[in-house]
Amino acid sequence: MRELQIKQIKTTHQNTTIIDNISVHLKAGEIGCLLGPSGCGKTTLLRSIAGLQKLTEGEIYLGDQLVSSNQFHLAIEKRKVGMVFQDYALFPHMNIADNIRFGIEHQSRKQQQDRIHQLLELVNLAGKERRYPHELSGGQQQRVALARALAAKPQILLMDEPFSGLDVELRESLARQVRCILKTEGITALMVTHNQNEAFAIADSVGVMKDGELLQWDTPYNLYHQPNYPFIADFIGQGVLIKGSICGCRQVHTELGVLNTQLAEDHATGEKVSVLVRPDDIIHSDKSSWQLEVVSRVFRGSHFLFTLKLPNDEQVMCMSQSHHDHAVGSKIGIKLEMDHAVVFPLQNLKKVKAHCCTSV
Amino acid sequence: MKKYLNLWSILTIATALLLTVPLWVLVSFVFEPTNETWAHLVDTLLPEYIFNSLWLMLGVSIGTLLLGIPSAWFISQYDFFGKKVLQWALLLPLAMPAYIIAYTYTGLLEFEGPVQSFLRTLFETQTVNLWFPEVRSVGGAIIMFSLVLYPYVYLLARTAFSNQSHSVMHASRTLGAGPYKTFFKVALPIARPAIIAGLTLALMETLADFGTVQHFGIATFTTGIYRTWTAFGDTTTTAQLSVLLLVFVTILMMVEFWSRRQAKYFTGSNQAAQAMPTKLSGIKSAMAFSICLLPILFGFILPSLQLLDWSINVAETNLNMEFLKLVWNSFSLAFITALVTVSIALMLSYAKRSQKNRTVDSAVRLSALGYAIPGTVIAVAVIIPFAWFDNTLDAWARETLNISTGLLLSGTLFALVFAYCFRFLSVALQSLNSGFSQIKPSMDESAKTLGASNWTILRRIHTPLLKSSLLTAFILVFVEVLKELPTTLILRPFNFNTLSVKAYEMAADERLADAGLPALLIVITGLIPVIILSKMIGNRNA
Amino acid sequence: MKNTWILLIICTLGMPVYAASDEVNVYSARKEQLIKPLLTEFTRQTGIKVNLVTSKADALLKRLESEGRNSPADILITTDAGRLHRAKVADVLQPSLNDAMKKLVPEHLRDAEGYWIGLTTRSRMVVYAKDRVKASELSTYEDLADPKWKKRICVRSSNNIYNQSLVASMLSHKGVKQTETWAKGLVNNFARKPKGGDRDQIKAVAAGQCDIAIVNSYYLGQMINSKDAKQKAAAQKVSVFWPNQSDRGAHINVSGIAVTKAAQNKDNAVKLIEFLLSPESQVWYAETNNEYPVVANAKWSKTLTSWGKFHSDSLNLTKLGQLNSQAVRIMDRAGWR
């Protein structure tokens, strides 16, 4: 296993830029994940690493070996990357054992058998060697694809939406299994997904992409609590933006009151900003005298998610335990539980970077 | 509901039985005791028939695969100089009848032909013919068949390669397999069912050919069948030989069926990323170009030039209004036949899909046997039952009504179109079956839950979705009928002449030069639909 | 649009061909280009419309047999006497020859019971390379089996009726045993496996692949008169030899004509036969295709004249039909492919 370094790469297709100026550093043994809506270029980035896509600018290193630049393109088959495809891409005319064997045919028969056996144990499919792909369930096929990609001990494992074809209930548990397998084998891996739960379940660090750019590369915790962009705040978890105005250093005035914030630079007092409020920032408390009207509510099993109306008609969300049921139109008591509010400038809500110190 | 299903099944089985009447006529002879002609054949020629036919099949398999698969692979996977033209031009040899290409190559390569003459001048020797390979040989016939039949393999292989999930091939590459290993161990095995389907068509046509092997002096099943009939005048043995030939074909079709059954699992998800064709440049582009040009050059351009050369020599005396009539006859006959055949094929393949009934299945498969039966045999097997029907009806009418109905069906275009339908149904079925397999069964089910009847589903859902398969089937049958010779020759009504009959009568009289013009016109008339077909496929893939 | 097509199909398909009164319907195994011009002339002179379908002789015969008494055909034309004999045996013909016809055509060129009559004759002659073979070396068909011709003879395949008839004539004159020995000897002398047509054999002699070829006379005639310079040149490299001049004569066969049993226009059919036996028609065949007229007073073409008169086998051609399948069996056993 090796580290992965991507340096300021750019790819184009028919004069259209697909991804631009992207840099990523993945340490050996680390599991990374690219998160973003469809069409954001995350799959293209993955394909560039695999060698399925040529670079217009920049460089990609696996370990200390240059594999792609605008001048150089190491053939796909020489890169020693393992890849799990969205449709698994199992060879339909070969049985499971032969699928896994495909990448290690140069090894001795004994080594092949041992490795196949070991991998099938690992992915919990022992005894299915003679089955054909169409005889397996989706989850089983997915695990065969993983085993096949791991067989030759690749320098890095790439996974393109590996769980998208599976039932929702299955995805997270499988993602955790896969993380376990990858950590057991000590594999450096990079996955692409549009589902944050999968990303958080599997990855050490996550990058969020939009329109061909990498917006933020960080731990899942930081992405949630300290998003760099309103887009990320919106894409990861729930939350709303309410109006606020700066009222002195490290404080912002909103309809919820004056909140603490960590401003990177000085702002003029009175400057209008947007403030991110997550559902878990507002706690329901029957004792509180601070009462807001319930506009709508959603039952989530373990909790209720209330949408509440502020006096100036702005809306915020609030989580409560599921035995606290309140009808729409009634008023409920709340209290704030917020360390530092994340503040974004007003204009161009989607693109601009947050005015918030990130913990780099 | 149940009543509808039964009606469909009965209708299908009845159609298949009616269509296969010629087959039953043949089979009825099997139960007659073999006579001394049969014994004589077993003693003398039968082993040779079998040997030569097998040899031809083996050679044509190799030839069509060698020509069809690489070109299909390059066209479907790469982008290179001339690809836009080559991808449809590769279908052109389909318009060239096998016996015509055989005549042109004989003309090109014989002693007085341009090639040997050139070599004589080049080496200043008169003995070129001593070492020059003889085109009129089994090897030559294999090359001739391969040159005009490879488009079937190309057509089906190309579609299969294009529809293959690219991620499967990419997976192979990321697992360390180079382009060659990826092609031979992944792409080729996955495309195998389609390739075998194309190969089956090519081999069936090889087995049924008479003109080429006759001219080249090769004793095959077909020449044997013909000879048993003409020289011995022995209908029983002729039919028995034909049925033996059908046993060959049935084996071939079983292989195809078996391979297609696996195909169900082989077609990956089509919505998977279909990467853009890789762009080739420089020497690689030139190589891909040459590989794709080669079959067109030898299967179409060269023989066409020879035909043109012959035609020009005689154009001023031969080209007249009569030819306009011939073109019209050939065209309208092919058009009507294609229309009828495709309609029947649509009905049969839909019944096969919707009924999921073994009897229906077998009936449909049985009706596809005609393609491998030599046209002469089918023609005679049509004459006998049709005349029997006419005469029985006539006798009955004379007896009861005291009028004569004469011959109602014999000697009419109806008999001819009927024979074509049986002979070429298999071509249309191949195309439609593969078209149907791309429409998910859930489509039928959802239409049914919305209250649609079988007819409605066929008319409103399948026919629009099958448009390109229908057109492919139509055009393939059209071209086949245009080229067809023995059936037309034997069954046509009075004063009805076609281009292929004209070409044959000239060629059989050893007037190759005069045969050039009608042959060229066959090719030109057949060219138009081939171009439409290829444009259409090109658009669909783009 | 759709309805128009359906209507069109019904109209084209469902229209049976009925013979009207002033017509004559011809089933011809002669190629269209070798019969149509004469039929057109016949219509011009008599006003009788001729409906023609050309096909292979056996297919026409099968059609006649199957159609039975309802067959639309009045006339059957074939390119060999054997097929006419087969048609007679199959009971699809009727006697039609009148005394005038019998007087015009020699006895061995027509059916003894008046069922069919020859229209033209051709000979299965021997051609040889002028520079490699002397005429004095050649004598009879029998002699061609002599080992001195080893690897020097070209002839087309045994599938062809011309060769079948030749062997049948040998069978009639010499019996089974001698014929089989002869056929084996001949096959041993083949320079190459039989392939191509008669013209190809002549070309092979010209090209030096073999020294002798056995071909039908009119093919050489066509080549001599060809517009194609290469064919002409090839034809000029060979000479004609008439075999068996000192005994039975060169083997000949006819193209012939007969009236069908089901004929509804017998009078017109007989008129057509008379027309085809007229000197004009006979000369046309000689001029157009270098076939020998069956009537004595028809003028020969230049090419035919140049080959000279020859003594032809007067064997009754019905024999050829009777012996045909036996001849083919002998060829099969001899390995003549």
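Side notes on the structure shown:
Order as written gives the chain letters A, B and C; numbering starts at 1 within each chain.
Keep in mind that, in the parts below, a contact is a pair of C-beta atoms (placed from the backbone, for glycine too) under 8 Å apart; a residue touches a chain by one contact, two chains touch by 3 or more.
On a predicted model such as this, the values are computed, not experimentally measured, just so you know.
Contact analysis places B-C first among chain pairs (by count of C-beta pairs in contact). Note: the chain lying farthest from subunit B is A, by mean C-alpha position.
Separating the CA-averaged centres of subunit A and subunit C is a span of 88 Å.
Mean C-alpha position of subunit B lies 34 Å from that of subunit C.
Inter-chain spacing, taken between the CA centroids of subunit A and subunit B, is 55 Å.
Within the complex formed with subunit A, the residues of subunit B that make contact are 165, 167-168, 170-178, 185-186, 189-190, 192, 262, 265-266, 268-269, 272-273, 275-276. On the side of subunit A, the complex with subunit B involves touching residues 13, 50-52, 75-83, 85-87, 89-93, 102-103, 132-134, 145, 148-149, 151-152, 158. Within the complex formed with subunit C, the subunit B residues making contact are 37, 40, 43-45, 48, 106, 110-112, 126, 129, 134, 136-137, 214-217, 219, 223, 226-227, 229-234, 313-314, 332, 336, 339-340, 376, 379-380, 383-384, 386-388, 390-391, 394, 404, 406-414, 417, 489-490, 492-497, 501-502, 505-506, 508-511, 513-514. By the touch criterion stated above, subunit C contacts subunit B in their complex at residues 5, 8-9, 12-18, 25, 31-34, 51-59, 62-63, 66-72, 86, 156-157, 159, 161, 164, 192-200, 203-204, 206-209, 219, 222, 227-228, 230-231, 233-234, 324-325, 328-329, 332-333, 337.
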